[in-house]
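Each in structure tokens, the structures are laid out below.
Here chain A shows up in two complexes: once beside chain B, once beside chain C.
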Partner chain A sequence: MPMLKNARLQKSIFLFIVVAPAFAAYVLFTLYPNALSIYYSFLEWDGIGAKTFVGWDNYIRLFHDPFILRALGHNLILLVTVIPITLIISLVLADLLINRAFAENSFYKVLYFFPNVLSLVVIALVWSFIYDGTFGLLNGILRALGLGGEHNWLGSKGTALLSMIPLYVWCYAGFYVVIFMNAMRGIPKSLYESATLDGITHMQRFSKITLPLLSGVIRVGVIFLMLSVIKGFEYMFIMTQGGPGGATDVISLYMFNFAFGSLNLGQHIYGYASTIGMMIFVLLVGLKLILDKFFAKDSIEY
Partner chain B sequence: MRMDFQKNEKVTLKVGLLESGYGREWFDLAVKRFTEKYPNVQFDITASPKIGDLISTKASAGNDNDMFDLFYGATWTEYVNANKLEPVTDIFEMSPDDAPGRKLNDLIVPGFNDPEKYYKDNAWVFPIANYVGGMFFDQKLFDENGWNKNPKTYDEFIQLCEAIQSKGIDPIVYAGLYNYAQFAFDTKIFEIADERGNKQFRNDFEYYNGPQYTSPESIEVYKRLHDMGKKGYISKKSVGMNHTQSQMLVLQHKAAMVPSGDWIENEMKETAPDGFQWGYMAVPFTNNPNGPIYVTNGLSYSFEIWAAKPDLNKKWAKQFLLSLMSNEIQQVLVEKGGALPLRKDYLDDQTRADQMKPLQKSIATYLKDNPVVLELKNRKIELTDPDNMASLKVIVDNMALVLTGQEDPEPILEDAEKLLQNAIAKDKKAQNKA
Partner chain C sequence: MRMRTGISSWLWRMVLFLWALTILLPLFWIFYQSLKTNQAFFADIWAFPEHLEWSNYEKAWTSLGIGRSAVNTLYYVGLSLLISLFVSTVNAYAFTRIEWRLRSLLWSVIMLSLFLPGINILVSQYTLMRALNLTDSLNGLVLLASLPVGAFELLLLGSFMRTLPKELDESAFIDGATLFQVFRKIILPLSMPGIVTIGIFKFVGLYNDFLGPFILISDPAKYPISVNMYNANAMMEYKADWVTLLAGLVITIIPTVIVYVLFQRRIIEGATMGGVKG
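Let's turn to the complex of A and B:
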């Protein structure tokens, strides 16, 4: 018995040594700052001076702030476009690369993944050049085709937000191509072989076997894309500053401007920014729960 | 004002230095000269293009020992409100070594530093370089076309725009992405007020009394800009354009003028074609040829001193800042960094005057030949309510559309005014000070 007790103690100590550093880092760098954000959301504070407790004022303001709704509307447009387009393109490309023995498969894989290794500033500059109203590549192509080519893509309220969609898809698709390719490789060949003997078409094979068996990976993909689209604002920050006329203002950019200011809004209002952060947190949790309703969580065993 | 400086007082000044477009040769030379004269003073320098982030992190951490004694001045009203900064007003009463018997205050170009206009009756930031904003253009292009390089009135400026447009060139393009139009136009409210004899305007501006965005002066300025946009004098391409893109159009003569600051020559030196010669003008909004013309200026490089430091450190930090105002250091800043001289006796030396770059000369000539008021636009109170930022957001979001004639200014100004008035009403500090 003492030996067993000793073994249990050793196991506990071992687990503690293994888990404690990571847990401490998680508490220090994730949990603690998040808990502080809850506290900040009840304050009026510029980050330097005295903290003034304002109760629910910031939360009340949140519900009366017209810019919040506008920004969320823009996030919604990105959600309903970027996620499905990215997933469809990545699935199709992954399926082609897996099932078609192109000699250049490895090259394509690297090519699609390439945006993921580029600095986001580089990406923003490349796409700013593409959309430039005077010297832009897109206008150049349109001019060559005799289709105008004078449009100010990022400077027009009608097209600024829509112009961000191809950029997002270009950035994200390559990553999911690699993820989906690896997941497709895990599907047993025997399933496809028996289906082929039954005379299944390629389309049926994709929709009846591949897609259902990838549902878990797709679910994770949707969640990550959702997080990226709602939390991301870097491209708007660099390329449009949320303009023109607020046409590309998204919720995280709006929050960022309150917390850290931009060239024109150089104030720090950490209290209200934290309140917006709390709203984004609740929103993301809510969306995750909704997703769980639509996607079966059960893993599939082959 | 005299301070007692004992050379046996050992002191190390911790400095947070911004590595900026002005380079750091001026600073290294200043440290060299200062430590030659005062070997008891040592410098512990942390230099970075992102020093502002480090300064704000250290300031927020609240560890006064770890904080810099002397640092690049990015933020100040928040620090002043929190009693974190040492006033530097007394430095302006001291005499630089190369101008004995003359107060620094009397040596600086009027308007480049005006302590009584500063926050809470004190100067908190020590100027190293001030920018001058306005309209920048290629002098050669203007000379070739016989265009007016120095319009004295608003009507003359509009005639200039018409002349440029008649040649198929956009008269004005600007970085709508960052609201660069402010560098040419945001002091025009003072000019209109001056012309209309509104003596109360400055006080109302400084203390947020009465309407701000919807003041008659503000509405007049935005209406004129909107009209210029509708006539195509301000190019629609400006919307969504950054400063590099807009400045490139001027370099390529697709547009004639671009609002910016005096750093533009340095900023575009790699891309400017041969023969391109930057010139400067302010945009007059008055129709009185005797002006005055209000010109945007502001601090583009400054230092602050942390209040919670030993008196000895603060005393030597101030002495060091004073030394930066010698014409020797100014010369390095002007010639190597492209800054405008802060000392008004700088041009007394013909050799120094001859060494200035074309744009620096153009600005200096403009300031000398025209009835110019350098306007800092300082407010005496600060609003901290989120509605203030929301009102700014309405303006920043929409100005490019207003200035290019695509949106009417008045509904936007009214929306912004409502939010601003909410902020004024709610901000207790504003109420107490009003």
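Let's turn to the complex of A and C:
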């Protein structure tokens, strides 16, 4: 059957043209760098000169580096604040949008999501203008309310890191509002109706019915937020460069600065940067596995 | 009783309004500051501009380099979008509607990338691109952003194509159509809704991408708009021409607003459907 043979030939050609280059590019640009970064983590290398194999030296340095712990501490502060605040705010907003019939709700649903499509650089610059010490929006509001308004939010050690928390919450909340709204819509109306007959208040309805039924979605939210907060360093990089005095130096930024930063007098330290990258890799994958175990996977049945 | 619910209802309404204000106020504030002179901006950050300084926008477009970087962005985003949509679509077709030997193996290898955080390969990806002579080149950026097949796109488009009935291809083959014809005349048009969704996502991602271009491009003449704005902001330490920077910021936001207004329902639906883009 020449037809069949022809069809098989067509298939082979199609697959070869379509799958082969894209898959090869995926292996080269995504998988191979992952392997390469393991190799780099055992090197002393400035990116230009000779590569020197130094065994576990970089890993030993990692454990004696006080700035690693400091950076991880900053990550921890962000994690324990940003995750609960984001989830609570978006749960409340989602509940209000779903269960209260205000005329403006449909507009809010669209507006709240908007920060998610804004570019990272735009968000960083907008918030730099909010926090600026002399002509910032926040100080302007505080002055108008008679509450001071002379503080340099990003320039002071005490407030620089804390100032990043509202930014993160502002960025992420809209996404979870939509996620939670979709999940809330999936809850059968009959559950609410029987509860309303029993004279339950809005508040009780939220805490006794809605919240437990959303535990599965909330778990996923915790994991996503955790990954985003640990990986994200661009806001600090753009807004504070990790300063003042390392007050906003988070772990990914610390790694990035070794490789591409201008803080080391233009010197690039690819080996150690890759070692820190390996640590972040292990940390992220490890945390994800632990969280998967820690939170009961069995979602509640209606 | 009635009174009480009335008051609490207004309180909750205020909560929703305040959150909306946190988004609208900074954006609106930046817009009207961008129409002031620097002196007026420094004098009072609340006062509305007495005279609208549209010349700030001209200055941002030329002396801040927004115009040049907008052209670079158009090239980088446009070309990447075209190539990556082509790659995603044909691969989704190959992986979901054609039977071949290594299919499930390659599929799982691609899905592996969903578990890789990516943050650890910034250095190695850069040295690889440098070794291939692809740094400081917009084509290099395009290649990196579009040719490697993406797990996220494959999952989304694949699940879309699986819903199309198998008989469509089979009857066309019996009528003597070639594989290429079936793909172009049948599968492609029917998959359009899915392709558009992916396209919008890709656009937002490419337009907003900062780290990739920042690492790979060092020649200011080749900066896309995001890196250009970063650089303009860093230079303000010496220039202190804030209103021009604000005008540049507004220009940068405009394409995002347009795309969002046009496609907001698709974007919101797609984001939560995919969800997993971590």
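Quick note on the criterion: the second predicted complex is superposed on the first by the 259 of 302 C-alpha atoms of A that agree within 3 Å, B and C clash if a C-alpha of one lies under 4 Å from a C-alpha of the other, contacts with A are read in each partner's own complex, and residues count from 1 in each chain.
The criterion applied here is as follows: contacts are C-beta pairs under 8 Å (C-beta built on N, C-alpha and C of every residue); 3 or more make two chains touch, one makes a residue touch a chain.
What you are looking at is a predicted structure, and each value in this text was computed from that prediction instead of being measured.
Once the complexes are laid over each other on chain A, chain B and chain C cannot both fit and instead clash.
When the two complexes are overlaid on their common chain A, residue A:Gly246 makes contact with chain B while staying clear of chain C.
Once chain A of one complex is fitted onto chain A of the other, the partner contacts of A:Gly47 extend to both chain B and chain C.
Contact with neither chain B nor chain C is seen for A:Leu78 once the two complexes are overlaid on the shared chain. More residues of chain A are touched by C (comparison of chain B with chain C).
In the superposition on chain A, A:Leu214 makes contact with neither chain B nor chain C. Of the two partner chains, both chain B and chain C are touched by A:Ser128.
Of the two partner chains placed around the shared chain by superposition, chain C is the only one that A:Leu97 touches, whereas chain B remains out of contact.
Contacts of A:Leu154 after superposition: chain B is touched, whereas chain C is not reached.
Of the two partner chains, neither chain B nor chain C is touched by A:Ile68. Of the two partner chains placed by the overlay, neither chain B nor chain C lies in contact with A:Met164. Once the complexes are superposed on chain A, the part of chain B occupying the same space as chain C corresponds, among 3-11, 57-65 or 327-335, to 57-65. Residues 47, 128, 134 of chain A touch chain B in one complex and chain C in the other.
By the touch criterion given at the top, residues 7, 10-11, 14-15, 18-19, 21-23, 25-34, 36-37, 40, 47, 89, 92-93, 96-97, 100, 102, 104-105, 108-122, 125-130, 134-137, 140, 144, 170, 173, 175, 178-179, 182, 202, 220, 224, 227-228, 231, 234, 238, 252, 255-256, 259-260, 270, 273-274, 277-278, 280-281, 284-285 of chain A touch chain C in their complex.
Partner chain B is touched in their complex by these residues of chain A: 44, 46-50, 58, 61, 65, 67, 128, 132-134, 152-157, 160, 240-246, 249, 257-258, 263-265, 267-269, 272.
Put simply, chain C touches chain A in their complex at residues 8-9, 12-13, 15-17, 19-20, 22-27, 29-30, 41-42, 45-46, 87, 90-91, 93-95, 98, 100, 106, 109-110, 112-113, 115-128, 143-144, 147-149, 173, 178-180, 183, 204, 207-208, 210-211, 215, 226-227, 229-230, 233, 242, 245-246, 249, 252-253, 256, 259-260, 264, 267-268, 271-272, 275, 278. The residues of chain B lying in touch with chain A in their complex are 56, 59-60, 75, 78-79, 81-82, 84, 176-179, 236-242, 245, 249, 254, 384, 386, 388-390, 392-393, 396-398, 400-401, 407.
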